[in-house]
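Several structures are given next for inspection.
Shared between the two complexes below is subunit A, which has subunit B as its partner in the first and subunit C in the second.
Let's look at the complex of A and B:
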């Protein structure tokens, strides 16, 4: 059985785009099917009806994780589309974007209609500046790992915990990788401490990447497909 | 599509939503399940006292049933983790001591050695009298030949990540909170050594967990453990 690989999961966001064309429960069911096989963990997240049975606190934690995954995936996706990240970082927007989009899809699938919407982001040019891009990637990935860790012991469902913890260590790999590329030590301490929701919220708020208002700079109105 | 328009629309331009966090996110963290490392050690020593240390080493790893989390089960799992940390700590210690590694690899081995020693110390303290003894280990030329060292380090780190991830749901919440502070460091090690060897540091979207018996098979395959 093939392992869970990037290409299987979300080549160029194709799965995500397909999912956006189908609605509600169908989406969750589709993702559930798509994830069967090697992708058992994300599949478990995406099992239809899971969110209905989940504790309210688990739904809240999943929505919190979803918001962070939105932040990460939008960041890498924007960087990939702008195409300004080059050299040793050239593959990062595409590869990490693909993984973070897969996390978004899986969590959205798990939540079904309970999923929060993607906020509007304004990355203020960091997605097209090598140095700022890398610094932000380090910060996002360290934050992602700390955020999942902070919630691990609060998740009630064993299946959701297994999925979340298996995403958590991937965020830590990303953090180490980005630190390696930045010339920083990939593993600075023997124990990684988690961060609470208020700590994470305050860090994210300090970036101002979540836009106060949707972008209005477009000359044409954006197309609403949903 | 012209660059300017892409930028103006943003990646998710169609998502016309005001900035806010999900309303469902709790305002405050309930951290009753998360103890400090010191509190954890103090409690786990008591809890672990009831458990006898494992018998014959690799062949005799306790069967870690997916039964409801309990202090006794935590102790079994932590002893299982301790075996893995013993192997890692000894592996890196020997690699640094042999002096055949240089440059980035030596930096990696030295840093990671210290982390694995800290993990051993933490688990031993948490387990108290029920902590298993360090096994007799043999690494051959895997701690001297840089290429073999790298391959063995990757295999070890990957096994340990899968082992911790596989036990997450079997642990009580306070123990899970502590284990989670270790597993992400192991994941960082894996990504680091993979980057050094030109391998993809994070090849999958999730880290597949392994059961205790799968991990046991991995450990047996290395041939590193020679006796209890």
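Let's look at the complex of A and C:
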């Protein structure tokens, strides 16, 4: 199976926006939010004498991880709910979904009010198609493992690094499992390369899976029959 | 050997042993690398996160799914481009919210195209249709179901099989009857200034079959009232009226996309 890039699976651009919030373009605003909302985490992560900026950087990395976990957990959860994935793949959404939701829960709990909000996702039918589902699962798990690895050297807090590695190894196991199911070599290289935030952003943005939240409320006088 | 000699021998042995230890120990392959370098490793840090045990989704019988309409599309009678058109679907409601449809099923045509079977907000009430998946956007799940009993003049909100709210309602007068059938909540309007509708109004996919020229298309709402003394009763133009305190409770409990049964 060739390496997957998700290019064929998505088309519109809101993941870019979310990742940019934690990686660059609106970083100042984000760190401002982190400084207020993530006080508990900053306190927990910061070693004595560590600059606040270092802890804030860890919060930004954690939010970056949270965005990816949102993507993965929403993907598997939707697939499980819709019930369209059958046969040898039938238990994948249920099993991986529960794990990715646990990751979300843990990271959100640590970030508190500094956690970025869950975006809306439009998986464009991929959660309802066996072949596309598996290809996307391979891509998502490869991406998750590479993204955690890519940030490992930038994490300032040893406690956070320990936590990130404990998640990273699970993502790597998932990746190997999905690759096996897809008929691809589970571990094709002796050394894995990590992926930087811009690399991950580019891949995720190419999917266009993140969508605008549907507008469900309005502030206008009703015209119902009364 | 005298006692003094024995003591000297013991002391000499001890000194030699100590020297050997000092000289040999740092180079012993059995020693730890840290000790070999004179470094004391700190204890491993506790992970900053406690990842909880994975929790499986509960599959209650009362879960329903909705989808937003991402682009204008023709809903068809069957999952085929050649099937006759039931109704056009727009991306927005008359209230300016995203148009959503209730998902009933799916099918793939011979060309491999995925179609979704949806409930439609059109007249005559109760119609369903098929739309290509690419015309839809975000999916959502709800675990609630509203049942309106036109005989008993009550509204009951179920979560799963459990009733979480029951309230008296006002429904349509005989000349403007509230339609019966299966519908869903399309949107919620708040912060408007109209005592007649109360503080909150839900839009439904149901439409009056009598007041078809009503502004906005004659959609049936579920809303509050400034005449609570009329409830329960057959007092409306087809809408379902609740006391303001009840509609406010409903606002907290009933998400958009909730199926509605009127019987």
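Basically, the second predicted complex is superposed on the first by the 157 of 226 C-alpha atoms of A that agree within 3 Å, B and C clash if a C-alpha of one lies under 4 Å from a C-alpha of the other, contacts with A are read in each partner's own complex, and residues count from 1 in each chain.
Convention: a residue touches a chain if its C-beta (ideal position, glycine included) is under 8 Å from a C-beta of that chain, and two chains touch if they have at least 3 such contacts.
None of these values were measured; they are calculated from a predicted model.
In the superposed model, A:121 lies in contact with both subunit B and subunit C. In the superposition on chain A, A:196 contacts subunit B only, with no contact to subunit C.
For subunit A, the partner with contacts to more residues, out of subunit B and subunit C, is B.
Touch criterion met: A:163 reaches subunit B and subunit C at once. Of the two partner chains, both subunit B and subunit C are touched by A:211.
Applying the stated contact rule after C-alpha superposition, one finds that A:81 touches each of subunit B and subunit C.
In the superposition on chain A, A:94 makes contact with subunit C only, not with subunit B.
In the superposition on chain A, A:107 makes contact with subunit C only, while subunit B stays out of contact range. Contacts of subunit A with subunit B, set against its contacts with subunit C after fitting on chain A, overlap at residues 41, 77-78, 81-82, 98-99, 102-103, 120-122, 158-159, 161-163, 166-167, 211, 213-215, 217-220, 222-226. Listed in rising order, the residues of subunit A touching subunit B in the complex are 3-6, 9, 39-42, 56-57, 59-60, 63-64, 66-67, 74, 77-78, 81-82, 96, 98-99, 102-103, 114, 116-122, 145, 149-150, 152-154, 158-159, 161-163, 165-177, 180-181, 185-187, 189-194, 196-198, 201, 210-215, 217-220, 222-226. Listed in rising order, the residues of subunit B touching subunit A in the complex are 3, 5-26, 28-31, 33-34, 37, 111-112, 114-115, 118-119, 122, 161, 164-165, 168-169, 173-174, 176-177, 180-192, 195, 201-209.
Those residues of subunit A that touch subunit C in the shared complex are 41, 44-45, 77-78, 80-82, 84, 94-95, 97-99, 101-103, 105-107, 109-110, 120-125, 128-129, 157-163, 166-167, 211, 213-226.
Listed in rising order, the residues of subunit C touching subunit A in the complex are 44-57, 63, 65, 68, 70, 94-98, 100, 106, 114, 133-134, 137-141, 176, 187-194, 196-197, 201, 203, 208, 211, 214-216, 218-221, 223, 236-239, 256.
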